[in-house]
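Sharing a structure with you now.
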Amino acid sequence: MQPILDIEKLEVNFYTYEGVVQAIDEISFTLEDGDTLGVVGETGCGKSVAVLSILRLILPPGRIESGKILYNTAGSSYDLVQKSEEFMRELRGNDVSMIFQEAGNALNPVLTIGEQVSESFLLHRQGELCESVLKNIDEKMEVSGSAPFIQLARRRYGRKLNKARGNLLRDRRYGCLLRREAVRWSVDLLRSLGIPNPEQVVKRYPHELSGGMQQRVVISMALACNPAVLIADEPTSNLDVTIQAQILRLIEDLKERYHSSILFITHDLGVVSEIADKVIVLYAGTLVEFSKVRELFKKPLHPYTKALLHSVPRLGSRERLESIRGNVPNLIDPPSGCRFHPRCPYVMDICRERKPQLYRGPGGDEHHLVACFLYR
Amino acid sequence: MEGHLIEIRDLKTYYPIRGGVIGRAKNFVRAVDEVSLFLRRGECLGLVGESGCGKTTLGKTILQLEKATAGQILLDLSGKLQDITALRGKRLKRLREKLQIVFQDPSTSLNPRMLVKNIIGEALAIHHLARGRERITHVSGLLKAVGLNEDHLMRYPHEFSGGQRQRIAIARALATNPDFIILDEPTSALDVSVQAQILNLLIDLKNELNLTYLFITHHLLVVEHVSDRIAVMYLGKLVELSKTSDLFRRAFHPYTIALLSAIPIPDPDMQRERIILTGDVPDPIDPPTGCRFHPRCAFAETLCREVEPQLEDVGGGHLVACHRREAVAKKYGIEV
Amino acid sequence: MFFLKKRRFVLDLERHPRLKEFNFSFGKIMKNPLSVTGLSLIFIFFTIAVFAPLIAPPPKPQEPFRIPHEGYSVVPKPPGPGHPFGTTTKQYDIFYGVIWGTRTAFRIGFMVVGSILVIGIALGSISGYFGGIVDEVIMRIVDIFMALPLLILAMAIVTALGRSLDNIMKSLIIVGWPIYARTIRGSILTIREEDFVKAAQAQGAGTLRIIFKHVLPNAIYPVLILASLDIGAMVLTAAALSFLGLGAQEGYADWGQMVSLARNYIVGPQGQPLLYWYVVTIPGLFILFFVLGWNLLGDALRDIFDPKMRRK
């Protein structure tokens, strides 16, 4: 089975006034179909940059230097790094969707919820919208009976609708009907996400909703077109713990319903252990460990992962928390060789000179990879 | 009471919502609504709750950064308890030597145009505690105490990382040798590994200097690690208060139970039954009648809608404000 | 390290963080060609103003601002020996006029902007920091002053107090300060909610200390940018008022006044419209480059102070 996303040796640099920030240094990982992959790391490790590159949303001065991002679907494989901007626009929101940390920022404050959720439909589902509108008209006609000239008008109407599809949104007469239909679809969508009173909600503006509700709206926008891959960039980090629990439960439900694969970025190890099937750990733009979630917590291999797990307070234990000496490196002038070596308690000479490859963990488990010379 | 450093009695902090041309108060945000607490010398009391529960306002009111609308805050200054809400002028200023705060976001809590030396030394200047050479020595000492060094004196905050800035903020709080420090989410804006460093530092300082902490946070694992007792707030009211170990073993209030079950635990083997609350946190402007938690509570009854529950001791200093605590205890198998 | 290299000091930057900051800002200015242009222009004008007595020695040392004139002929004479820029109506020497006019321009710019800075910051700070009724009252005063029309006010003052440069400066000050009060009030409204202000309060800092050490140093940037742009604008407005006859006396070394003198000779006789180009163009160019210099500097300052453009 081919993984739905296959990232190979991705390298991203930012060309700034102060120098070249080597944000991502040749990371490779895969997302299997139907999996939830947790992306864990601290500030500056590059997790946001990595997933933004998948959607080609890196703006100058950032640039994807090299590498492949393969999107495998329906038997074909597309390298998203090479594809045209038009292709990517078709892809975004449709096949691959993203939700962000601050739901409030992702929503346009001057548009109603209905207008924003329908946007996905209007962009990617015009054909179905047209059919839906025509079907509604047909149903009404059936009920009220129809004289021959009405039938003629209906045929003409259908033809015009289908012909002018591209310009429909600008067309006042026909575009309006499509928009209304899209809002109707949005109401259904919001209801299926458990938002109470969706008919009222679509008329509201984002600032009238609470944080949790806003995030739900953003999630619904992302899922409107049934994407195969959902990228979630710290969607619950700003929410209260009880609301976070609601949203995580919602995401789990939706994953089952829509059969999407999810890339879930977070810095919270607790959230990762709840929601992810597999995990990758990033440090300073490099991938240091990749494994199934249980393995990561039970048998962490990379020194960074171990230190991270020991720095989180454990329930019931008052042991002194371990901290990692040193600071996160400056990516304009990253450490040579393994980027973690200045802070690593197990550092060897080779760590300073060469970059570690991804090696298999002890036992040869191909699902547990670690970038550390200790496991060569 | 003996050994109590602070006693808060029926504290209320309401924010008026002004309207109309003259700006008369139309309604109130009941941020803190009749809260009573005490802290013993040398202990760390954790204060948890979600957004809108009033924990930050409570901290600010204790510090007199917000004016209390009603109630008393009694502080043990030199032997006996005095109501600090009545203090003004010079005496209020002297109070500030004993009571300090560390804010959440280190990037906004330090004046970007001030040198570290002056940020930390400002309190010494204000209270005329040290000048010139003596002041510099004192400030250097504080920097060392928080894990930084003298080179950092003549720098600006933006030259430091988040963790280092928080250390500077802590040094600033320690400058006047306070007895009591309010920590308002001191690690929430920091990375996980940095959080560990700062927590260790705070615990060390508390032990060395015999400080008393009010640790405000929404992060239950952190507060469990650091506090002796924990108080849970919901919508301006205190709903549960107990020793830390006790709270996690036997919480009575349905909100506390939901809160505890919602914490993501970094251990994939721990499968818990999660209690997912319905709805959002309601508005502190117009809180529900009776028990404020009743609209979201699975145990709510008529009594809960009408009468506000009071805090009652269920044994060993464990306080709960819930009419239905027996039913809750029965459901979750907690010994009363 | 631009200016340090020139001075050849071995200044330990680490021990003088304010210097380091200044150096950083200075370095940023130097990298932007437009701001370098602006700074150079201002520097050139500054030099001219300082060395005016040497460049154009005054015939009457006690009244250096009186432009010398040989004769009373109204027809301007083109540039030539003895009059490098020619003469304007009534034979006032243009060269002398523009050189000493530089001093006048700086005087107008600094005095007017200096005064409105003080008034605007004082009122705006009180309004912004204390809020409540004080804020309302001061803002209504600001509204009233903002409604005053400059031209009519200037005419009124000149009629009442006489025609002089000082009187137009007064009207410029009266009309110019409200925007500063508004701007700094806006900044202060944001800054006073910041955590570090609350921290200062928690430490027991008094109101004055908070305003001067915490709030103002952070709130002042937009006002500084406004001020640098205004120096040029004030000179321009003063020149316009002088052109209308409200400003300096005839023969006073002021750029606007000089253009005013040349009023009848802006366009030459039939067939030779540009015959007297020098009477308007030369003072005009001085005004233009002066204002341009300050505008570019204002832009540069805005770029430096923009927190996003700063490091990190």
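Residue numbering begins at 1 within each chain, and the chains themselves are lettered A, B and C in the order written.
Methods note: contacts are C-beta pairs under 8 Å (C-beta built on N, C-alpha and C of every residue); 3 or more make two chains touch, one makes a residue touch a chain.
Predicted model, so just to flag it, every value in this text is computed and none were measured.
The touch graph of the protein chains shown is a line. The greatest number of inter-chain C-beta pairs in contact is found between A-B.
Remark: subunit B and subunit C have CA centroids separated by 51 Å (rounded to whole angstrom). Inter-chain centre distance (subunit A to subunit B, centres taken as mean C-alpha positions): 35 Å.
Residues of subunit B in contact with at least two other chains: none.
Multi-chain contact residues of subunit C (touching two or more other chains): 311. Against subunit C, the residues of subunit B that register as touching in their complex are 60, 63, 65, 92-93, 96-97, 99-101, 103-105, 108-115, 122-123, 126-127, 151, 154-156, 158, 169, 172, 175-176.
Subunit A meets subunit B in the complex at residues 42-43, 210-213, 240-246, 248-249, 267-274, 293-294, 297-298, 307-309, 311-318, 320-324, 327-328. Interface residues of subunit B facing subunit A in the complex, by the touch rule stated above, are 50-51, 161-163, 191-197, 199-200, 203, 218, 220-222, 224-226, 248, 258-259, 261-269, 274, 276-277, 280-281.
Note for the complex: subunit C touches subunit B at residues 14-17, 21, 194-196, 198-206, 209, 213-214, 217-218, 311-312.
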